[in-house]
Structure formats: structure tokens, C-alpha cells
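By letter and in written order, the chains are A, B, C, D, E and F; residue numbering begins at 1 in each of them.
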Amino acid sequence: MKFSLIVHASPFSAQTSSTAYRYAKCLLEEGHQIFRIFYYGDGVLVANQQIAPPQDETNLLTSWQLLAKTHNLDLVVCIAAAVKRGVLDDNEAQRYDKKNANLALGFELSGLGQLAEAIAASDRVITFGN
Amino acid sequence: MKFSLIVHASPFSAQTSSTAYRYAKCLLEEGHQIFRIFYYGDGVLVANQQIAPPQDETNLLTSWQLLAKTHNLDLVVCIAAAVKRGVLDDNEAQRYDKKNANLALGFELSGLGQLAEAIAASDRVITFGN
Amino acid sequence: MIDKKSILIINQSAPYGSSKARESLDVALTCSIFEMPVSLLFIGDGLYQLINNQSPDALNMKKHEAMLSALPMYDIEKIYITEEDLESIGLTENDLAMPVTLIQRDAIASLIQQNDSVLTF
Amino acid sequence: MIDKKSILIINQSAPYGSSKARESLDVALTCSIFEMPVSLLFIGDGLYQLINNQSPDALNMKKHEAMLSALPMYDIEKIYITEEDLESIGLTENDLAMPVTLIQRDAIASLIQQNDSVLTF
Amino acid sequence: MTLHVINKTPQNKSLYLNMLNGLSSGDAILLIEDAVYSALEAHQSLFKALSPDDIQLSALEADIQARGLEDKLSPRFSSVNDQGFVKLSCEHDKIVSWY
Amino acid sequence: MTLHVINKTPQNKSLYLNMLNGLSSGDAILLIEDAVYSALEAHQSLFKALSPDDIQLSALEADIQARGLEDKLSPRFSSVNDQGFVKLSCEHDKIVSWY
């Protein structure tokens, strides 16, 4: 089946983002397809390449990146939520006159239309929220 | 009186950080002294200089910076919480092999000892949490 | 072309205290622009979003009530609350910022059944 | 020199689901290292932190129970829960990971009174 | 004497219960942010055990106005502005935040 | 048929009430994260109105084990692993998250 996930929780203060990752991994292992993962609200914070978790804790950012690379996943970060939270790609860094982009590799900033499209195109949509 | 504030909530998904700012401002207007403001948990996210709020929304980061500058405030960001969340000063950026520092001007990364000291040194401690 | 799946958005969060109410509204408007039929249900703390005479100037925030009143212009007209919730906070329809459809709590299940996809905020 | 103000930390959050339980513990240990007397109260959902036989390997998280058992080594020995809370989740002291002091709910007010500063998580 | 500051809606019954268990005579409760909904008449059963002479009840003005509650509050609660919040903080020797 | 996924402790009564109001015959409830505490025997009054033939009740294994609840669950709940979560997601035509 074709799934889309909405990840809507801070990856640092709630378990939710990590549950979403485990679910996504299991979906793929079970042979299902992931149309898109849409990060919204504080969920976008996982795409900040500056993140440096302690060595003995899971790095959710690199986990998502690896999963995306292996399975060619479409990881879309809500652009309005991201810019407000200081997660910027090259375009937005330039637009807002910030020195550096910090959107992690493998993620893409885009609008809420991508969420609407994901709902339309998927057999199942599941929200991981907090 | 001498106050310290603990700010312990995402500035993007809860009102709390903004309430803390209003309270701090009012304290100073009323002639009180602020010993320290300690940002903890997702509260540290306000110190990311990449933040670019929409024009018609309050920029909490610049509000704190201006208040700190005017009143010479000690804005301390929990270093463990910040590094995990991708808010790095020059030292930490270097230590974790990241290209750029992104801690906003006027804030300082330091340990929880600064919180213990603030509790010891202040007449009142108030937590703004979520 | 986007499939016209119908969406039910369940709102359980009070305005201002968290950003959920705003985020929900942005999703509702977007889905409607993409011509997906959108229904909104306000239950529990979500009902507070609809209280009239909101005045958030001192908070430097946008008036949530005003943003909600724009919904009919985006062709979002299916807006539900439950009689039980309204009664439980001691208010009446006169205290609300916009016309809504009153349902009984036990009709929530059929709203969920009738829509293709359900989001919660 | 740091004044030896006594601290009460009130824990109301379940472990694993949020980071609050961890953050609280880090503050408790730090205050204790700075020789401030620390008391811990676990109420409501906070009581779940103390349940034994936790095994979070599949979540890739640290065992919260084990971190709590280190408290006495940091001279944090005043650990309180209420009888009413324990009873309300149908468990007994045998289900807990460490020895605690059982108090009645109406003793919470005096704990707050007795300490110089109170933090909540 | 303690100032208890709470910021969640009355739906969070356990949070309110924990706060009420923490009250001593002479303490004060201040509702801020989403907690101001608790000052609605319909939610006064939350506070029924409290004697008004014993525990001072107030709610933050900016949050009341934002949420359209100005004319809907129980008379048990007085509305305080930010200066009033600071004053309450000074008058009590510690502040406990319930969130 | 809908899969209802909930992730908060039983303390959040309104959240559970809203979910219960949203149930139709044939739906399933899956407790994840902090919601697995609701599978404790002491909290079964939450689900008393549900007939076991009508609504399937389960809780996520990794979250149960993490929280030390393995031997403390009500027999009404079956434990499902991540594969079981995916299977439930496929078997129901939509998923509603209560958080």
C-alpha cells in the first residue's frame, strides 16, 4: 500500500518523531511504499543539520537521512514552519539575509500543497503528533 | 527584588516563551533586577540566529536581544539542550565539526550549574514551562 | 490532478496557548484551495477557538476568531460543534464568532466514517 | 559560594513519552552537586517513572529507572510519592524500582512550604 | 506563602488536582495563558473547596482579553495586569508553576 | 473501519472521551507511547462501555516493555509489535491520531 506520514512534534522533547521513524522503517520492511513524509510544526526541527546529539543517544536526523537515501524517500519540510524556526535552504537563507543555509541534506522545503497532494495520492495517511 | 527566570518551552508552538518575555520586561519596568534568564529544553530554540518569523508576527529573538542589550541581561542557554537541538556557538560548532555557529548574539551557552547558581542567588525564581 | 478526497479536521486545541489552532487552519485553507471538501469539527478545548470578542492585541498575536470567519470565503462551510461541549462551558450560540452546525456527541463517529481522511490538531 | 537553598522538584511527567523526566533528573543531580538539598516528589503521571522492570532497548533510549536508582549516590534520598497515587494505578511498593517515602496527598502543601524553591517538570 | 501559576485549560484535571493539593492558607492562584478558561463560571467546581478569604484567585488580563472572556468570568477571580503578576510574585516568597 | 491511535496517558480524560465518541463498530484502538499506561487494570473503566467483539484493543509492544508494563496489562489488550501496527494500518481504511 501507499502511505504518507505527517510528523508534527518536536524531535527533542517528545517520543513521537522517533515513533514515526520506527513506523516508516517497518512499513518499508513490510514491502509498503511511502509516498511522502511531511514535517510540520516543531516536527521540522529534525531537519536542522546543526543538530549534534550526545554519542550515546540516537541521531534521528541521520536515521531519517539514511532511510531516505536507501529507499529514495520524499522528505518534505513545511517551508513556513521551517523558516519561522530557523531551518533554511539556500534560497531562504538568501531571502532572509542569513549567512548560511542549515537544511540537512535529503530534506526539501515546500508548501502545504505537498501535504494536500500526499493526502490525495496515498492509500493511508497517518499523523505522528504531540 | 532579584529575579531569575527559567524558560522551558518551544518559542514556536507555545505561548509560554512570549509570556516570559512580557514578564521580564514588566519586571524591569517596575524597577526589579533580573539576575539571569536560563533557557532549557525546547526553550533554547529561541537563540537560533537563523530564525526568520513572518513580518506580521513578533520576533521573540530580537525582542530578547534588545531587552538584554538595554538592561545588560545575562541570557544563558543550557549547553547540553542547545547542542542536541542544533544551536551552537563557535566552540561547539568546531567540536562537533559543523560548518557554522548559529547561536544568536547576546546569548551564551553554559551548563546547568548556572541554573543552580541562579536559584541560589535570586530572591524569586519563576519557571515558564509547557 | 488531485483526487477530491474529503477531509475532516478535528480541532481539540484552544487558541493562542499553542500554535495548533493556527496550523490546523492553514491546512484547512490549503486543502480547500486544492478543491478537497473540508469539514471542521471543534471539540473539547477546540471549542474555545470560536468564542467571540477575542482581542489579542496585548499578546501581539493575530485574532484567531477573525481568521476563522474567513472560512466561508474559502468554501469551508461544514463547521461542527457538539451541543454537549457548548453546554459544558456554560455558553450559547450567541457567544460564538460565527454560525456553526450543532451536533450530538454520538454523531462524531459518523463524521469520521463519512470522510476519506481525518486530521487532528 | 552558593547559598544552600533547599529545592523541591515536583515530577508530573511519565518517562520516555517526553523529555521532561530526563531534564528534571539532570537538574536534580546538578543542584545536588552544588550542595543544595534536593527533595523529589513524584505525583500523577510522574509516578510512572518509578515502575520497575523498564526495558527501553527497542526505543533506543536510556533506562530511566536505572538513572533514578543512582540518586542515593548523589545524596538525594528524600523521594516522595503519595499513597493515593500509588493506589489509583493499582500498584504497590513492590512494583517500584527503588525505596521511596509514602506520604498522603495533603502533605504536599507542607513539602512546598518547607523548601526554599520549587521546580516542576 | 506561595504563588501558584497555572497555564493549562481546566481539561487537565490532574494538574489542577496536584496544584490544589499543594495549597496552604495564604497562598494565591494566578491563571495565565490557556488556564484563564478555568475562570469561566462553568468550571468553578474545580475551586469549590477553597475559601475566598484563604486563597486569592486571579487571572491574567492580557490572556482573558485575547480569549474573549472579559464579560464571562466568575466574580471569584480578579483580573490582574502584568504589573499585578509582578506584584503577586513579590508578595509571595516562592512561585510554583503548574504546566 | 477506522484505526484510532492514541499516545497520551489516561490522565487526559477529554482526549479519551473524544476518541470514544468517534468509535464505530469494527474500529480498533491502538495505544502507543505514554498511552500504554491506559492498559493497566486500574484504568479499565475508561473502556467499560466497549464490547470486545466490537472494538479491538491493542497496545504497542516496544512502548509496553520500555515502561515496565509487560506483566501488568489488562487481558483486554493484546500486545502488537511494529509489524502489527503496520498490519492494523492496512486493515482499516483510515487512521485517526489522538494526541
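Basically, a residue touches a chain if its C-beta (ideal position, glycine included) is under 8 Å from a C-beta of that chain, and two chains touch if they have at least 3 such contacts.
It should be emphasised that the depicted structure is a prediction, and the values quoted were computed from it without experimental measurement.
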Farthest-lying chain, centroid of Cα atoms versus that of subunit D: C
Chain whose Cα centroid lies at the greatest distance from that of subunit A: E
Chain pair whose interface holds the most contacting C-beta pairs: A-B
Computed distance of Cα centres, subunit F from subunit B, in Å: 39
Whole-Å gap between the CA centroids of subunit C and subunit E: 28
Residue list for subunit D, restricted to those that touch at least two other chains: 16-20, 44-45, 59, 61, 117, 120
Residue list for subunit B, restricted to those that touch at least two other chains: 12-13, 15, 41, 57, 80-81, 125, 127, 129
For subunit E, residues contacting two or more additional chains: 7, 11, 14, 33-34, 62, 94-95, 97, 99
Chain contact graph, described as a line, ring, star, complete graph or other shape: other
Chain-to-chain touches, reported pairwise for every pair that qualifies: A-B, A-C, A-D, A-F, B-C, B-D, B-E, C-E, C-F, D-E, D-F, E-F
Touching residues on subunit D, where the partner in the complex is subunit B: 2-5, 7, 19-20, 23, 26-27, 30-31, 33-34, 36, 117, 119-121
Parts of subunit A lying in touch with subunit C, wherever the complex brings them together: 6, 8, 40-41, 80-81, 111-113, 115-117, 119-121, 125, 127, 129
In the complex with subunit E, residue positions of subunit B that touch it: 1, 3, 9, 15-16, 19, 22-23, 26-27, 30, 32, 124-130
Residues of subunit B touching subunit A in the complex: 10, 12-13, 41-42, 45, 48-54, 57, 80-81, 83-88, 92-93, 96, 98-100, 102
Residues on subunit D engaged by subunit F in the complex (per definition of touch): 14-18, 44-45, 48, 51-59, 61, 65, 88-91, 95
